[in-house]
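Following this line, the structures themselves.
What follows is a pair of complexes built around chain A, which joins chain B in one and chain C in the other.
Then we have the complex of A and B:
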């Protein structure tokens, strides 16, 4: 995946996170490495929605063992996970 | 079925003004459109608005007993004929009210155990200056009260009559509202209004000469039985009898037919016991995801009932929403009461004022998905792989299609609390509902933190009965469903309030206390059978009475659209008006920037999930509720009843009937 595509992916995911979750936290400025749980911007059911979104939008079948903070815990993690797992 | 209200003063010489009583009666007119009555005695005033069901020419209230006590009574005692047979006559009326009154005068509160029905009443004993308020076992009928500054007390079926009297002012109770957004309803004695309490289900309150001298429950659910499992045939006989008793009325009785097992079973039993053509009434949705009309039609055709359908399209939910909130007197988190409000309207228009329904079966016989989830989550602690495989077959709370229920969903379920937590069964629902609280203004969140000991879950845990610890996980779940969902929400916002809005009385054979005792004594596998087959005992009975397709269909939760009715070209203008920053600032509970974020998602069709639907309905209903009761000028809008009372009792005078 080229740099432009990664940039697009990052922008897409950021837009989704902002639109779906950050409206409840208007004071939070989210950086790419910030951890969602630590910031409190996504709760347990929010993660369900996030994983579903990733599956649907990028055609990825997420395995239960893959639902970790390493893969879904921050914007950086999400970008890396989707980049690695989405069908080329 | 009726509305009741009254005021008693600490000062026995103080008169209760007639205009006050007339305003209380007017506020409850929808509950009793057939006429009203009033009584005034030393330091006391009582009113009743009547929906005539038994003894149409007689049976007016307030009623004065042989011993000079006064009774205003809302509801029905279905075994009144049997009870009457054991009393010495003569009787002035053929009503159940007189039977209850006679029993109270003879046996006092010991009489309550013999009453089979759904009722709320106020009993005034002038000699002792004693007022006793009583509510039925499951809380089918409402009863609110407010302590007055002079030591007196005001009571009413609905809080609006307290406000109409001028004795209580409407203001939000933050902790009560917080309970709505935690467990789906404010739990007695709490209400959404500060200074207004409600009697708990199976509760009573005694006020005597200036002070409340007793507050206790006279009945509570118990799952500890003497050990003998009921015989298989017992349910059939019991339920048939519960239905037979609930068809008693001097007006025609119909049923609500959802197309599910419970209401279909009640309809079948009602058809067997009825001496006239049974009318059935159903809600159908244009949106196929909510619609059950195919099953409704099958049952109606198989049983030969005269069937009526109310169609819910894109407009009806929004159009009826504000009226429903005004009747419910609480913020809501679902729109599901609105179709039932419209169903009651149609039922009334067809001349039917009494309907039997299947309410209560899911709580007694473990029909809800919540029971299966609890069983699975408990199983998961021992056999995770098996529990995860079984979860795939469940319909979860989130409104997502089956193919999108993935591993994250499972994980949420299985990590939502530990079995040692008394609220284990309800943690997924509590977590899902928590989204509404995320919209609170910071100052509201801080205020709630500062209300010592008022955290809804801490209060719930602290008030669990001692026996709770000895019950099984599913019995605990059933108890929590009865106390947190059935009474505060399903029987109220979705039951009594929306039916009585049109003067229609709902009757619930499953909530006959004998049926409860039977269900509580059943071994677990006769409720939730192996393979997670819900309501096994009921299903076995239904096989003899209903089409196979209806008996075998899986449970479909009753739901209604939450977001789509309020947005788009057809949406009424008041929706956006109530949700704009200025209106939110006026009410002061929700943060405008967050609400605007939700609205953006709603307007663009992105808020399609269950949680955002709850958030929207919660916020919108709170805004509507506040405007209706606490807004500018709301306190001055209560009309005075102008019609002459059918009964007027004045101290030291006889009854004047008109």
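Then we have the complex of A and C:
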């Protein structure tokens, strides 16, 4: 995957996070490495939504064991996970 | 001695080096927990917390929260556990309502506590609990910044609480839309903890994983129960990452997992993948707040054949009322069982007559777990507590409708009032509607529940805008999110031109609830 494609993926995921979660927290500025949970922008149920979105949007089958901080905890983590797992 | 603080003293004396708490990288023994509790109790006392005062605990799951709860009790005061997602206005309301003298919190939540404190003169101090948790672990993990407090850690205040003293005020949604404070004595809480421990067969060998917030009574009691039997409690901030929870179950050799349907659905699907082999220590699962789907129950039982699964029912006003002995699960998967040990419960009609099997009526509960009433609210107390069999006794009217089968096992049917249950927490539609009405451009708002697999009930709001008002569902959700705890924010907001009404002109909530349910199915 080229650099531009990763850039597009990052922009797409950021747009989704902003649309689905960040609008509830207008005072929060999200950086790529910020942890969603620590920042309080996504809670337990939010992650259920997020995982579902990733599955349908990118055609990735996510196993429960894969729902970890390393894969879904931040925008950086999410981009890396999707990049690694989405069908090419 | 039936006080909660006595439980901790005894656990620390019996097995000082036993692991009491695990949270992230922190591992704390009973002796260390006891010392940290001494230190914070002394600090609370120094800041003016006296016997009988109220202290708010505003902390996410962690060693700090456990220390804050027991330190408050050791100082002779009652703790008021608060959800960390509470907003400033409601925090101020609760602090004022209970006349809190102090708030124990952390760095992240301290600004919120300070903001609320400026409006509530009774609050004399906002304390950070990290300092005392660091006393427990000797500062190794978090640097030397708090070393000064170790030197100052001194004697706890005199005159410990006795069993009839107030131990906690737990706030719960009331149908009027204002939260009500459930008052519980040491005797109430120690009894409830002891009863639950007995039917779960818990002992010092147990290791319980708590992903439920300690601010909810379901989470809180995991701590009280573990301390009571000298077991180990592993604290985790929520179940956002099922992978992490499964890893913890294995690594920490967890024997008991209290959960809600969401987490058990994940566990069932992971169990089908053979996870059970890695979890030989797992002995019991408990479910409450919302019923498990029969399919989930079957999947769990198949995946974890040696694990005992408990379906339970309760309300903050008595902590827990019913549990289903696991051996009954096959025969009655939809029952929430029988009264917890040492208590009684039965079903009545509106006139107070006991009903035979099969008929639907209100569940009434009797026992030492029944609350003392709502804080400073005699009218609300009188609606729920009525004189009991003895002059000193009061019985609890749960407000929940049940039926019994021929063998006396009980089945939840529904609620009498319009209180919703989402994520296991009570939500008063009026409280959400009141917040919606403060949004500019809102003419009318009605809030109902729709069945939801994950949430139990999803909160759905129907809003009628003023003419020409520029309202969007997203903006309204944001408005709610800034003023309500996370679990109260509507999952869906529908804008409409009018609300359906009943023949006598009231908003027809039943019609709305049916519409919301139909829409949920269509999604």
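As a convention for this text, the second predicted complex is superposed on the first by the 88 of 88 C-alpha atoms of A that agree within 3 Å, B and C clash if a C-alpha of one lies under 4 Å from a C-alpha of the other, contacts with A are read in each partner's own complex, and residues count from 1 in each chain.
We take it that contacts are C-beta pairs under 8 Å (C-beta built on N, C-alpha and C of every residue); 3 or more make two chains touch, one makes a residue touch a chain.
Since this is a predicted model, take the numbers as computed values, not measurements.
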Of the two partner chains, chain B (first) and chain C (second), which one does A:88 touch, if any: first, second, both, or neither?
neither
Partner chain in contact with A:73 - chain B first, chain C second, else both or neither:
second
So, does A:42 touch the first partner chain B, the second partner chain C, both, or neither?
second
Quick one: classify A:4 as touching chain B (first), chain C (second), both or neither.
neither
Counting contacts the way the document defines them, which residues of chain A are shared by the two interfaces, the one with chain B and the one with chain C?
23-24, 26, 43-45, 47-48, 63-64, 66-67
Residues of chain C defined as touching chain A within the complex
85, 237-244, 246-247, 262, 266, 269-270, 273, 275, 423, 454-455, 474, 477-478, 481-482, 486, 489
Using the touch definition up top, name the residues of chain A that touch chain B in the complex.
19-20, 22-24, 26, 43-45, 47-52, 55-56, 62-64, 66-67
For chain B, which residues are in contact with chain A within the complex?
398, 400, 404, 406-412, 415-416, 431-432, 434-435, 438-439, 591, 593-594, 596-598, 600-601, 606, 609, 611
Spell out the part of chain A that touches chain C in their complex, as residue ranges.
23-26, 37, 40, 42-48, 63-69, 71-73
